[in-house]
Structure formats: structure tokens, C-alpha cells
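After this come two complexes, each holding chain A, first together with chain B and then together with chain C.
Our next item is the complex of A and B:
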């Protein structure tokens, strides 16, 4: 049996797709494999729980903010405290800047080359190809905007990459007026940038017949369940809320408080992957198939829009309505729509940062409460850029961590990613023929989910000359 | 163009030798060398931003696994158009840049165990890297 292996590029971390061909050269099976193992859950055991908001962000160099927030919220729950209103708002402000930062990286550096440079040779399908296509000014604006999002994170969290200020009970420092004004100005620029991203999608991507067809045809579609966080009005919220799950037909099948996640989500293990396969407990595991009988569910931007009643800010709501008008259905099942959904979320986060930056409470000095005794157990959940992120800690009475369960976003899309690579590979690879463009179309199925795979590791492939210094 | 040098460190500070680039950056921040700035690097954007910044020299510090003697410090020269880190950190742009870009790679011994400290050989190599950067910086300022 012949095997084609695609080492994945333009995603966070190391993964690969193995495609198994039958004797006729047609696809028998395809697997998305994660070839790294980390073990952070074990590493955290035996440590004081208040250390975890500073340790767990180092799981990843791209989404440390999500771990910082989920971990802080889990610690709040362990200590049974309600944090001050200003601390909550500052965390949410920080976190929306983090979403902008992460989505900019994924859309412009990793995904856009597939959509805008699909017919270019592989070596040009990257951000430098985008410079040629869109012009240096547009790409510099992308870099500048990502810089604003990073700067906002640094102001609030104390470090541009690895945040430190969120602690059990609130934040270690309040926001000064000068910094607030700075954030307000940067948020206004991010809103303009958010509009530009949506314009690029409409004017360049939706007008490309090939991409338009891919968005509308079945090749990249699966009818699965979706899950994501919504606020009390049913609108998308990244920092806080309840988890709603909807069926492939869009019917709400669960709405639960994050701490009850184990009543709804369970995981299975496959011997060929280091990462697990969560599914909806009450629907059940039926194997790697989609449909109403299969408990496979999806998270991340498209899922968040699919489970929500709308966006909580005006420009994002407008974009949300345009999105569902275009597809004429809800839920939208096409994975390439994840990219468009990310741009809508950039718009929402930019608007939300501005709303919070001008909130009259935001510079209040009361940003933390005293902690009492550890209560023994806490769950903290946020919507990471890549989907719902669960941190669940159990401690002893001294606050020493006894058990940690992390369900990260990418894991929840793992089964669906496997469905996608198999479907795309089976449809495109025939009689053993698979050129680079076709294999990239298989990779596009992975990249749409923006998976994050133990991403702090990195590789420098061959063709490098090394001289001792 | 300015005389400033930017040092970019890559790695995870919790994974023993993998964090060498970050440890080097942290040490440089404390040294306060004239015209030398140091920071962590995560993605394409950080490198692109650096290449478009007001720096005449950029030094990237990371670890490498070639099977060689742990702690050996290499200078890497790129010769291929498809060279990338994860995060699609595209090093190809280095060859196209008019900046003086130096890639330093330390042979790692352990990049899997959880530790905020590097192995002794890599600790020594970090000192070697710092001396190298300091000497370059002095040459430049003479």
C-alpha cells in the first residue's frame, strides 16, 4: 500500500497528514496526526495552584493569553471568589486584544495565502507573496495592527507574549489613565483595520470564482454539531458565559454552565494519535462520520457564530448578518467559512476593546480581592482563538494542585479535522495522482481549523550550512 | 541606517534547552549593552517587523538538534528557498534582506524535559553566545 505524507506547514506546531492509497492509487484512508507530546497536566501537579496562570501560558507561544485567562478563572473558582467588576473588564479587554492578535496571525500569515495565492508556486504562497499582491503598505498595516493588539496585551498583562498580571482574585495592577488613552487610540485603529479585513474578503476572495465555488460546494463541508460560549443574550462572548451546543440542523441541544462540562463532553483515545477525540456524551461516538447521530462537534470561529444569536457590537453584527445572508443557511458547515468568521471576530474584538477602554470603571483601582482557603476544585473556561478552552483544577486544602484536566480547543476539532482531510483527499486524489496543488488543498482542510499543536517547538529543516563560531 | 542590533530569541522557557534563545534574550536585557535590543520571537510577523525596523543587524538565537556535541554553537547559513520554522517563520526573507542577519544555533541536549534551566553544556553555550554578541557590538561601536 502506498502512503503519501504531507508535513503540515502554515500552522502552529508540528502535525502531518498521512494518506493511504489502495492498489489503484485511490484514497483508502487519511489521518491527521499530531507527532508531539507535551504532558503539561502532569507537570502542574504538586504545584501551588496560584502558579498555574503563569505556567500554563507557556504551553504555547501563540495562545498564551487564552491559557492565562482560563487558568485565572479556574483559580478564582478554586478559591471561591468573585473578582471586582473592573478586574473582570480589564481581563476581557486584554483578552479581546489577544483574539485580534491571534486571528491576525492566522488569517494573514497562515490562511490568506491559500485564498489569495492558491495558483502560485508553494514558495510564493506566504506573507511575502501577499506583499507582492496587496502591496507593502497593506502588509505593513497588518503588522502594525498586530503590534497594537500585542501592545494592549503588554500594557495590561505585563509582557507582550507571556502574560503575568492576572492572578487568582483579579489582577495585580490597575490601568492608568495614560495607558487607557493609549489603548483607546489603538482600538480605534484596530476597528478601521477590522473593516479593511472584511473588505479584502468581500472584494478579493468572494469575487474569486474558484474560492467562491469551494465555499459553496460540498468538498469542504461536514454536517456536525457545534459548541461555543454565548453571553446572557445569546451573543458571542470570548471571556465569559455559558456553553451552547447546536445540532447539524441548528437546533439547541445543550446549554450548560462551564463547570458542568463533564456532563456533556467526554473523550476517546485512538492509538495512532497523541491527542484525544472529545465528543458530545449525550449523542455518542459513532466513529469518524458526520451527521445527526454522530457526537463529533466543532469549535472555533465558525462554531461560535453558528451557536450564537449574533454579535454584541454593531459593525460585527452587520458582518455577521452579511455572512449568513451570503450562505442562506445556519449553521454554515463549510470549513473555509472559518476564515471569514475570524475576520468578523476581529471586528467584534476591536469594537469590544474600544467599548471597554472608554468604560468609566476601567481605571478603578479596585482590581483584586483577598483570597481565603482553597475550596478544592475549580473550572475556568474561555473561548480561545481556536475554540473553547477548559481548565479544571483539583487542589488539596492548602491549594496544592492534585489534578489538572485541560481540554484545549484544537483537540475538540481533532475528529472533524480527520473527517476533512479524508474527504478532501478522497475527492481529489485519483489513480495515485497528487500534485503539490492538490496536496495543498488537503492541507487547506487542516489550516481552516487553525490547529495549535504543541506550538512552542519549532524546526529548521535541511539545506542549512552550519559553521562553529 | 542606525547602528542598532536586535537579538531575537526563540524557544519555550519551560522545556530545558529549548528555552536557550529566551534565556539569552533575558540575560542580554540585564546586560544593557549599548545599541543592543533583545526580545522574544514567536512568528513571521516578529521577524518581518524586525527586518523593517531601524536595525542594522539582527541576530536570531535558537537551539538545534543535529546529533552533534551538546553546547556547540553554530552559525547557520541558509541556502534553500523553503526553509521555515513552525509558525511558518519564513527565514527566506533573511537572504533577501539588506540587513546583516546572523542565525546562531546551539546544539541542544534535552528539549523535552520540563525545566526552567538549560543543561550545563547549553548554559555554557549561552555564555558563549552572549560573548559573541558583546564582541560584535563592541566592534560596531569602535
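Our next item is the complex of A and C:
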């Protein structure tokens, strides 16, 4: 008996895969563990609730915007206010720029090396290796385009990694005309870049026989439930909407308002990982198995496409149709399709940023409402880049936080990631033979989900008591 | 140049801030980066295999809270001639350091037992060792508190900020080839010194402490409008990014060099609060105190683990 441990790299946070081999060197079991842990739920207690849209983005520096949005929506709900229409649009504009940044970062810096440089040695399989493969100009364009997405967020929120402008009741600052024009120009460039990303997928990745086979074969597939947010027309929406869950056969099994999440989601704890294992309450937990009887569900790009009826913008809709035509089925269960789905979402977000940037209401000065006493409880939900994100706050009448509950995107894929690493390891590792490339193929199963382990491990145990001053 | 970039208890934002600087990414491609877990596939064994002091720079973001992070930090220290604490968590403990206000047990119970979405009746808390089919699955050991890097190893340079601003990063990147004498990549003067709203200051007293959503005027000094803006007690260098969208500073660049502790700011605030009275009657003092319900969260938002009250309380608990 032997254990192979892979410390995970090229993903956000501290995780590892443990592969347990029997005496013949075949895989008996495999575990994906998150080995870090903080304490946001607890240490947010006692804080003014309006500080949480500033504090909770520190859960994750890759998707701070998702926490900023979910948190400020939860704050709006705590005060029982509807924010002005312009504030809502500005938040959505900001948030779509955020999605573009996060998806570009994951696809090009973290995931693409697996797809484009899979046969290179480990030292070359990274963004610098891509510079050699695609040329400096293409990589510069990637960096520049991500730069536009960051710049748009900075204009609205103060800083792309440290967003601060979203507050209970709206935004702290309206958008000036000069900034609006600037955003409009950048959005047009992002649309061009979005098209290019889809082209790269078609021309470089879908034409690679090995990757094409992996996309179509069973190795990286699981039949699970999916959940994600849709707008009133059933289209993918990142900022607001209702949550739809579909079965492995694609049948809608739940459609609920985000504040009712506790009726649908339950979290299990396993003592060997610092992140929990959510499942669909009404289907139930059947252990680490997939299929219709198991309440394991998945979130993130592929799940969003699987639960939705389409995309709300024309170019993204075209890409969406091409995606399902290619696979000839819906839902698509292969996790490598998450990458393609991310590129389709970049297309949508870029188009949506432009739509909002030319909205005649977008520079209106009325971007916040006055607040009364806090109502005491509020849930704020968005689609984070990595899946549905729930913030749930309970406060006193003064808006001082009493309780915080968070279900972050990555946690919801935790059970499925465990299924995936086990399946890939079992199929690839035979008789104890596991070279670096095979082990990377196991890690690819983790990376496809784009897990964010900083997000997932928002808890940290500590022993020091402080006396309140 | 040979570099190691590592993270500890962090959110990943520091790594993103490096990727946001095009010049930095392109110049990293010219250097030998021999360990950078978020971007490259070198594993811990590769880090361990490097010769001692063979790396020119080690850049570490995040605070220290687990045995594994402390062990890696010590390895990075051994391998590198110069060690840089990058970001507010590495320099001061950062936002996750706010957890130093609570005990271990209550944090665990909140997340794993009490959270509303948890399976009712399940009282399982993750533990360092679990045996499954004769195999040990382990999780790192946790320390009693969040620590900034310099509580564990010698730190040569500090690059503060949550995350450091692009101008701070560029200045730092330029200095790699010619390390400067000063050890802090931030201004020795307060953020007020660079603040575009500095001119609007009228040396007024603050009648009432306001909360950020109660702000009225767009262009005036936030402190004088009663916002608890920490710019007056915080090093400059961030470019006033929060203030640019009408939000008060929360001190991510750290306290001014002349201050003993961030808490010094509390007496400054006390001295400018009140309607110009020299004497505030007791009931009004209670009103004023009530207005600040979370002094730790407001004054020490980024710096609790490196503050005096943290060490005082840690000693007391022993």
C-alpha cells in the first residue's frame, strides 16, 4: 500500500490530492483535500454590516468582486431597500467586467497550459510557456484585455482587487461621462477579444485530437445535478435572478428565490477536509457517487449553461448554440467543457458591459437611497465566476453583524472534484506507474472546476482571545 | 535574477496584483522564477532541492497560521538572500488577522456545527489526522494566532497594501536590481499628504461619527464629514483609491513610522470629536462611545496581529 500526494499548483489556494494505492499499485481511492482554513463567518461578527462588502472580498483576491456584490446585496436586504435603477446597472456593469477578468485569468494563466502544452515538461507548462507557443503578441493581448476588465472595475469600485464602492443602498459614487466613454471603448475591445478566445478554442484546442478525445470520452465525465442563476427569461445572469437546478437528465427539479436557499441546500462536514460538502437537500446525500439518486450537484460555467435556456446577448448565444451542437446533448457532463463554457461567458460579459455602458441611465447621479433601521436579516446571492455564491447576514437594529453564513461557489463543487480525481486516477494509474504527466492529468480534473481554495476555506481556527477595547 | 514567489494565509489578490502589472509579468519572463505555486508547476520538493542562499529574492504574501506555511516560509528564507513581505497580510497580519479576536473553538463551531446550512445534528469538525482503510489523511497543524512574517523569520523589505498599488509594485520591481536603503516601500508621510481632498480641510471638529452610507458631500475631506477615515494615521502610497470613490481609508498601508501603535489614532479622533466643547458631560461621552461599536474592526482592520493589543491579549491568555 502506498500513498501519492500531489500538492496542487496553478490553482488558487492550498489544496492537494492524495491517491491511495493498493498492494498491486492500483488506485483504491483518491481524495481532494483543502488544507487551509480561515474564519470569516466568525470574525465578521460584531462588525458594522456595511464593512462586510469591504472585508469579505478578502476571502478571495481572484473573485473579490463576487464577494463585494453578494455582500452589498445582502446589506441591501438587511436594510430592506431597493437600490436605484442606475446603481443596479452600474453594479451589473462592474460585475460583468469582473467575470471577464476572472475567466481570462483562469483560462489563459492557469488552464490553457494543460490544453496547449500538455506534453511539455512541468517547467514549461505555464503562462511563460504560452508566450513561446502563441507568441509575445498574443500573450500581450491577453494581458491587455484583462487590463481593460480590471480598469473598468477600478473606475467603478476604486480598485479591481480591493473594490469598495458598493454599499448598503447602492453605490458611493456615480459614473462620470468621461469614464463612461472610456468604458464603452474598452468594452468594444473586450468583445473582439472574446471572439478571439472562442477562435483559439476552435482552431487550437478542438483540432488537437488528444484533447478532442478527452472532451468527448467518459474519463472526465460525471452525471450529476447542476445549479445556477437565470434571469426571468431563463437566460444566464451573473448579478441577479432565481436559482434553477436540473437533474443529470436536464429536467428542472427546483427553481427558487435565493433567500430560500436553506430549503434546497444542506452542507456536510468530512473530518479530512477543511471545506464542506453541500448537496441538494431534497435529493439527499448518498455518498461520493454520481447519478440521479445522489444529491451531489455542480456549479460554475458549465453548470450555468446547463441550467439555462441560453445567453442574453447575440454573440454569446451563437457560441452557446455551437457548444451544444458540438456535444449533441444537454446537459454536457464532461468537465473539460467548463473551459469552453468560460470562454462563452467571457463573450456574454463583454457584450453585456457594452450594453450597459451605452444605457442612457448609466450616468444618472441618483445611485443610493437613504437607509432606515436594519430589518435584521438579509441574503445576497450572485453567480461568482466559480458558481453560485450565498452571503447571509443577521444583524441587530443598528446594523451590527450578529451571524454570518457563507456558501461559496467552490465548496459546491467539492464532492464532484473528489469524484473526478478518483475516476481519472483509477483509469490512468495502473500497477503503481504514475509519472509526472499522468499526475498532471489528475490535477487537470481539479483545475477544470477552477476551484478557489481561499474562497472555500474562509475559516481559520485560532487560540488567542482579545479583550475588546 | 533568480526568484521564488510564495503564498501563505492569503486570498490570492497579491499574486493577481503582480499579474496586473504588465511590465512585471514580462520582466518575470526574463528572470528565473523557480517556485510560484499559483502560476508554475514546481512542487515543494523542487523548492527544497534548491541550494541555500542560491535565490536572489523570495517574495512572500499572506500571513502565517499553519505549520505548513511556517515550514515553507523558513525554507524560502534559507534559499533566498533577500526576503520580501508582500502585501498587508505578510506585513501586518491583514484582514484574516481580525480572527485573533476570537478563540479557536468558537470559530470552528461557527463554521462546522452552527452554520444555518449545515446538516442538523452532525457534529463533525475537521481534524489533523484521519485514518481511512489503513491510510492516514492529514491536515496541517494550526497555530494559536495569525502572525505577520517577521514574527517567524527575518524580513528584509516590506511592500504593504491590500494589495500593493501598481505604483508601489513598479517601484519595488525597479529596485530588485538595486536594493535601496529604506526597508518600507511606502511613504513615511500620511495618506492625507497625497490626498486630493487635503485642501478642503478646515481644522473643524467632528460633531458626530458617521457611517460610510451616511456621507453627503462628494469632494470634501471625509474625516471632517465625520467619516472615520484612517488616512491621517496611514502611510501613503496607495494613491487614495478608496477615497477616489468616496470611501474612507481603512489603513491597509499600515501605521505611520512615528506611531507606536495603530491605536494612537483613537486619541487623535477623540481630540477632534465634539462640537467644539472643551468639556463633554458623561452622557455625551457614552453617546460618542456608542457611535463606535467596533473599534477593533475599524482601527485595526488590517493590522491586529502586529498591534500592541494583540500581544497584550496573547500574553494575558497564557
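Definition applied: the second predicted complex is superposed on the first by the 454 of 469 C-alpha atoms of A that agree within 3 Å, B and C clash if a C-alpha of one lies under 4 Å from a C-alpha of the other, contacts with A are read in each partner's own complex, and residues count from 1 in each chain.
Just so we're on the same page, contacts are C-beta pairs under 8 Å (C-beta built on N, C-alpha and C of every residue); 3 or more make two chains touch, one makes a residue touch a chain.
All figures in this text were calculated on a predicted structure; none of them were measured in a lab.
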Open item on the list: On the A-aligned overlay, A:126 touches which partner chain: chain B = first, chain C = second, or both, or neither?
Closed with: both
- [ ] Considering only touches as defined above, state whether A:55 meets chain B (first), chain C (second), both or neither.
- [x] both
TODO: Considering only touches as defined above, state whether A:105 meets chain B (first), chain C (second), both or neither.
DONE: both
- [ ] Would you sort A:28 into first (chain B), second (chain C), both or neither based on which partner it touches?
- [x] second
Open item on the list: Once chain A of both complexes is superposed, is A:173 in touch with chain B (first), chain C (second), both, or neither?
Closed with: second
Open item on the list: On the A-aligned overlay, A:267 touches which partner chain: chain B = first, chain C = second, or both, or neither?
Closed with: second
Open item on the list: By the touch definition at the top of the document, which applies to A:232: first (chain B), second (chain C), both, or neither?
Closed with: neither
Open item on the list: Contact-wise, after the overlay, does A:43 reach chain B, chain C, both or neither (first, second, both, neither)?
Closed with: both
Task: Partner with the higher number of touched chain A residues, chain C or chain B - done: C
Open item on the list: On chain A, which stretch or stretches are contacted by chain B in one complex as well as by chain C in the other?
Closed with: 9-14, 39, 43, 55, 58, 61-62, 105, 109-110, 122-123, 126-128, 140, 143, 146-147, 160-162, 458-469
Task: Contacting residues of chain A [partner chain C, same complex] - done: 1, 3, 6-14, 18, 20, 28-29, 31, 33, 35-39, 41-43, 45-48, 50-51, 54-55, 58-62, 64, 105, 109-110, 122-123, 125-128, 131, 140, 143-144, 146-147, 150, 154, 156-162, 164-165, 167-169, 172-173, 261-262, 265-274, 276, 278, 285, 368, 371, 390, 392, 398-400, 403, 405, 407, 440, 452, 454, 458-469
Open item on the list: Using the touch definition from the top, list the residues of chain A that touch chain B in their complex.
Closed with: 9-14, 39, 43, 55, 58, 61-62, 104-105, 109-110, 122-123, 126-128, 139-140, 142-143, 146-147, 160-162, 455-469
TODO: Would you tell me which residues of chain B are touching chain A in their complex?
DONE: 10-15, 18, 39-40, 42-45, 48-49, 52, 62, 64, 66, 72-93, 104-105, 111, 114, 128, 132
TODO: Note which residues of chain C are touching chain A in the complex, please.
DONE: 9-17, 19-20, 22, 25-26, 28-29, 33, 37-44, 65-66, 68, 94-96, 98-108, 110-112, 115-119, 122, 124-127, 130, 132-137, 139-140, 142-146, 162-163, 165, 211-213, 215, 218, 241-242, 244-247, 250, 252, 263, 266, 293-298, 301, 304, 309-310, 313-314, 316-317
